[in-house]
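Order as written gives the chain letters A, B, C, D and E; numbering starts at 1 within each chain.
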Amino acid sequence: MLKQRTFRRGGIHPPDKKRLTEGQPISLCPDPEVITVPFSQHLGTPASAAVSKGDVVNAGDIIAEASGFISAHIHTPLGGEVKEIRNIFIPAGFSVPAAVIAVDPGSSFQESVLTEGEAEKLSPEELLDIVKKCGIAGLGGAAFPAHVKFKVPKGKHADVLIINGVECEPYLNADNRLMIEHAGELLEGISYIQRMTGAKSVIIGIEANKPDAMKAVEGAAAAQGYTYAVQPLKVMYPQGDEKQLIEAVTGKEVPSGGLPIDVGTVVTNVGTAFAVFEAVRRKKPLFERIVTVSGEAVSRPMNIRAKVGTPFRMLIEQAGGFSEEPCKVVAGGPMMGFAVYDLDTPVMKGTSGILALTRKQVQEGVETPCISCGRCVRSCPMGLQPTRLYHLIDRGLYQEAKDAWLLDCKECGCCSYSCPAKIHLVQGMRLGKRMLRNLSS
Amino acid sequence: MNYIGILITYIFISNFILTQFLGLCPFIGVSKNTESAVGMGFAVTFVMSIASVVTWLIYNFVLVPFDLMYLQTIAFILVIASLVQLVEMIIQKISPPLYKALGIFLPLITTNCAVLGIALLNITNQHTILEIFTGGIAAGLGFLLAIVLMSNIRERMDGKPVPKPFKGVPAAFISGGLMALAFMAFDRALLTNLLG
Amino acid sequence: MMSNVLYAFLSISLLGGLLGFGLAAASKKLSVKKDKRVEEVELALPGINCGACGFAGCSAYAEAIALHGAEVTLCPPGGSETAQKVASIMGIEADFSSVSYVAMVHCWGNDETRTSDFRYEGIEDCNAAYLYFQGSDTCKYGCLALGSCIRVCPVDAITKDENGRIQVDRNICIGCEKCVAVCPNKVMRMIPHDADYYVACSSIDKGGAVRKYCTVGCIGCRICEKKFSEAGFWIENNLSYTKYEGTYAQRKEAMEACPPKCIRKIP
Amino acid sequence: MSEETRFIVESSPQIRHSDTTAGIMWHVSLALVPAGIWGVYVFGVRSLLVILLSIAASAAAEYAAARLMNRKTLSDGSAVLTGLLIGYNMPPLVPLFIPVVASVFAVAVVKWAFGGLGANWMNPALAGRAFVFFSWTSGMNAWKVPSSWAAADSVSSATPLGAVKTGLMDVAGEGGSSLGYLGDIGYSFSAMGEAVSSWFNSAGIAVSPYHADLFFGNIPGSIGEVSAFLLLLGGIYLMHRRIVTWEIPVSYILSFALLIWVFEGTLFSRGLFAGSVFFHVFGGGLILGALFMATDMVTSPITRRGMIIYGIGAGALTFLIRIYGSLPEGVSLAIIIMNIFVPMIDRYVQPKPYGVKKTRGGAS
Amino acid sequence: MNKEFTKGVFKDNPIFVLLLGLCPALGVSGQVVNALGMSAGVLFVMLGSNIFVSLLKNFIPPKARIPSYIVIIASFVTIVQMVMEAFAPELYGSLGVFVPLIVVNCVILGRAEAFASRNTLKNSVLDALGMSLGFALGLTLIALVREVLGAGTITLFPVGGFEGIIRIPLLHQAPARIFSLSAGALLVMGLLKAFFNWYSESRRNLS
């Protein structure tokens, strides 16, 4: 086994809480009666509506089309009638248009099969086209449109394809279970991605707290004859961020403002690789994903394969409902996920988890003055000074904050997590970025 | 060794601002942000080093021969005022960027007691022209150090909930007092023990 | 004795003369042209550095006027008086007939009228709260009352009362529009300085929805539009607007007729 | 929805570490307690009174100041910690008004004039100590003989550092060392020190009674500073809890020890590299200062490199003041001098951001 | 009372409001007697310079006004120096370098430039008197606080049987020596200024 590696600066060790669901096999969620499918489930321009009120759609139809360079198609997972198109709030905190579809029971998607031999013959361009048509966006959390990421720009070349099986967020086991249960499909998906990017080698990074996943992937690779390396990584948040993962695996730093391809790497999530497999071999667009439903306030924490548009409420009911009144419901992991207030919020492509947290877990506290303990600076994986940035933003000095590399902050939450004064540092960074955007517009 | 002694004396032991109260007005007035504090510090150092030499020359080669030592105050202030103006003009001509950085502080220096102070103190304390020059630079550097430290401290205070009556000048004075308190660690004994 | 005095007098005047002569010569030789008008314009400006002109403070604006021909009418705090003064310094004619505006909060909500969907915890700042579902209030168009406008106001014209309602004192407001720029929900908008009534609501939700979450919100009932259109009222997107026209009596009547009382007299 | 069933919405992260500001203050106070108990044990109940009086005075000042600012801050523990540190920095026989003045000055002027916890830029406890030290120098030199000394001829005695400093005037020029010099002037030692010494000696390791006394705290000195051993234990506890990080104490003590080792011997004409490191590291307030006061979060730099620079600066200054200055100690003054430089260090020493080739200088 | 006279005492107090002439305010405020001596010197110079500047205002070319004012002030300072050296050598010794430094005391130059050069002789005299009084009050206050706390004494002039020193019981035995040192001077100045701010703020709120 290779030596465990990790990134150099910053990072924290939140309690990982993986126990709750790591042994739970992926279960299925029944189809809801009404689904709400947001038109913006990816980073970049929202897709533009391709259906209107009263239209009848079939499962797998495109209901919103990618608009702009960085965008992705949106498909409906189930057939039925479009009841209305209205603005809803998505977990990220802003409102986007969404189609509300009354589901026609028994309208589920019919997979077709392409044999492995046929898939072998597809050219990289054809593969990219499939990825684009199937509306695949990164399933790690940021939901970056995959066809954009896999198309290596002219003049650049990918040396290493890094597959992100880190899943450093506490509680979440969606990727972990996927690797355990679908290692074979996953590896095939990786092979397509390798073909699209032209990467010379593939490294699969998995944190040391997932020995089963590591074993499963290594076993499947040996069985199917793939030469992909599995790189064990020390447990450290936020290793699942692509910049930290690149640093951990290759030792290289992506230049400020640059992309992984600038250091010859492409990073993608195991979930995305699985989605690519399904798109290529089963012609299935991305409209469902594995969601970890967990947290101390959930009766039976579990991993659920859920369709996009399913309300959170249904998944929580599937997991036995609340065992006690949660004080916070989170979409995604606890470090970078968003608190939601409405249990009708729909599952989206990037929803890796639904967590119901109790007061004890949240550890919220009264905000006290900064005592410049420097914990935020130590924990920042980007080498920034969160406290300084926060003070600049607090005083309205947004331009100065930008000069102090505010835009390099990716809101991983290490600073806020470790702040004993309970200062809302990440929110400060987001505020600063918002005000900078306002200034420039 | 003597020159090092003069340097240490004026920078640490009897810092113009922290122990002698010379140059307090700019110390309080121009220390709100670090850029201007650095500019002011260098401008003062520059003027001080030249002024102490020129005044010493005037004193020894004009006032003493004619036995007019009692005119030193008038003569010195005249020289300093003209010197400052001359320096301002020269900088403006030869280096506009430097003028932009230092220029606005130069008129303030005329009435900076630190400059006249070093000229007067030099007459009693130093003897050779090189000592005078060192004294001027050292006193200026002491001023520079104090004002830059002060400006850093005051920048740190921005955004802190300083009580309203203390905001600005009072907090600066108290900071100065605390700095002086700490600088009391540097005493004469330190200098003599260190340099023998 | 006499010679002493003579020496003193002579040496000082000689010194003074020499220095003066030297300086005079130097100033001739080293003179750099400087525009006197920058200083004059700067003196004419109010000097509160509010930045409403779009330049970095009054001195930057003065420089822009004097050296780069910037408009002289860009200073709202100074008003036409300042513009006139600056124009006369610059020797130009300018049009000063602009109406002066003040900021007003187009929302009459306070802690008693607001309903909220969740408990917001975080930075006490409207823009920071806006990042999360546009604030915790059920009304997504109202004043968030976290006081970002209060903090940016250069003249302390904006206050928050004990019930959490934000108000602008129009007698202090200088019309710099900083609060308008900072307000995320755009409830802070400019109105003419001499207006006496305004519509204190910004919600474009339908009447039924508004009724559920607010007791003082405009329900788009069209009474003002139907009865008092000559007073400048009209409805657009379920929200009433006014052009501040008509007679005082008409406006007063409109206020009294408004069912949720969101047409309000400005204090 | 009713008030109770509404969820909390806040920015990510949704979970937080359990440490709080108040928790940190109380843990630091807790870590200081053993050394204080030792101080009270060797110097008598009066020293307990001194400590309690300091705490009471600074808590009262904190309460009053916070009240004026319409804030409630007493429970954050910072005032109690300040009072505790002031008490620890007092000699056992200090006139009782001195710790009170020091505490009030520390909390009311050094801390609240700038806005309370987190806003002060100089360590309040040390500034308070310096204030009273320069005001009432003789009162601040009221040392007491520890009760553990076997042969106590009198009630008061100079501290080891003080004894050597004054004694040096006579012996400079002869060969010797600071530690050896204690024996030359017949400085007392405790039964405990003797016992430890003979135990080690029988094991073949040359240890003088003074070694044990300096380390365990059987010497005259400030109430809380004498027991280097218990302070180290407290420091290890804080490091374990990650409240204190290694950078400042290690760089401080190492740089100081290095300078002592290199230069201190010259005072006894023994040339370079012959200083009494043990004597100077454990003989005074260095351990208390390096572990508990230089590491005060508010007044120390926030970056690692900054902390190391700060620690080295404090070490060098302590060395300068102690060896060449007129005062036998120097720890507290060295730390507050470095406090002055902290804003400058924070401004110019900044971490290199990820993916940036060269940091832009200054704050810009 | 005339407002030219009274404004210097509180509203435009040179030390606490205008923050001018701080170097001597702190440098010579160790003892009350020094503060009084310094104030007398400043009064004389300010009066003289204001009178001269006011009289000569029409004859001094605007370009050369600052140097001319400085020369006028410097001359008066030199007179003060001579007088003090002759009649109060002890005081002169303890004031030291701060006597010639009256030249660069911004209060004097500031008043000459801002007031005397544009006003009548009478108003200039009143202004000088008021400003000097304000300066003297501020300076004496600082000196009083510093000496009482730092030495436990109040040093005045010896008159007749009175030796000129008032000793304050208790404080005199154990004075907080720091206040007689430079650090104490800055602290006292800061605290007094804060007190002054608070006082004028609350007075403004009352009115």
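Criterion: a residue touches a chain if its C-beta (ideal position, glycine included) is under 8 Å from a C-beta of that chain, and two chains touch if they have at least 3 such contacts.
It should be emphasised that the depicted structure is a prediction, and the values quoted were computed from it without experimental measurement.
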Chains touching both chain A and chain D, listed by label: B, C
Set of chains whose contacts include both chain D and chain B: A, C, E
Reference chain A; chain at largest CA-centroid distance: E
Dominant chain pairing [most C-beta pairs in contact]: A-D
Chain located farthest away, centre of chain D as origin (C-alpha): C
Rounded Å distance, chain A centre to chain B centre (Cα mean): 60
Chain B and chain C, separation of their C-alpha mean positions in angstrom: 43
Centroid spacing, where centroids are CA-atom means, of chain C and chain D in whole angstrom: 53
Chain A and chain E: spacing of chain centres that average the CA atoms, whole Å: 71
Junction residues of chain D, two or more chains touched: 6-11, 109, 113, 115-116, 118-119, 131, 134, 346, 363
Overlap residues in chain A, where contacts from two or more other chains coincide: 338-339, 341, 364, 369, 424, 427, 430
Interface hub residues of chain E, defined as touching at least two other chains: 67, 71, 178, 181, 183, 187, 190-191, 194
Residues of chain C touching chain D in the complex: 116-122, 128, 131-133, 136
Interface residues, chain C side, partner chain B - complex: 4, 7-8, 11-12, 15-16, 19-20, 22-23, 26-27, 30-32
Residues of chain B that touch chain C when the two form their complex: 58, 62-63, 66-68, 71, 74-75, 78-79, 82, 85-86, 89-90, 92-93, 96
Residues on chain A engaged by chain D in the complex (per definition of touch): 9, 12, 14, 170, 243, 247, 253-258, 325-330, 334-341, 355, 357, 361-365, 368-374, 377-378, 380-385, 387, 400, 403-405, 408, 411, 413, 416-422, 424, 426-427, 430
Residues of chain E that touch chain D when the two form their complex: 174-179, 181, 183, 187, 190-191, 194
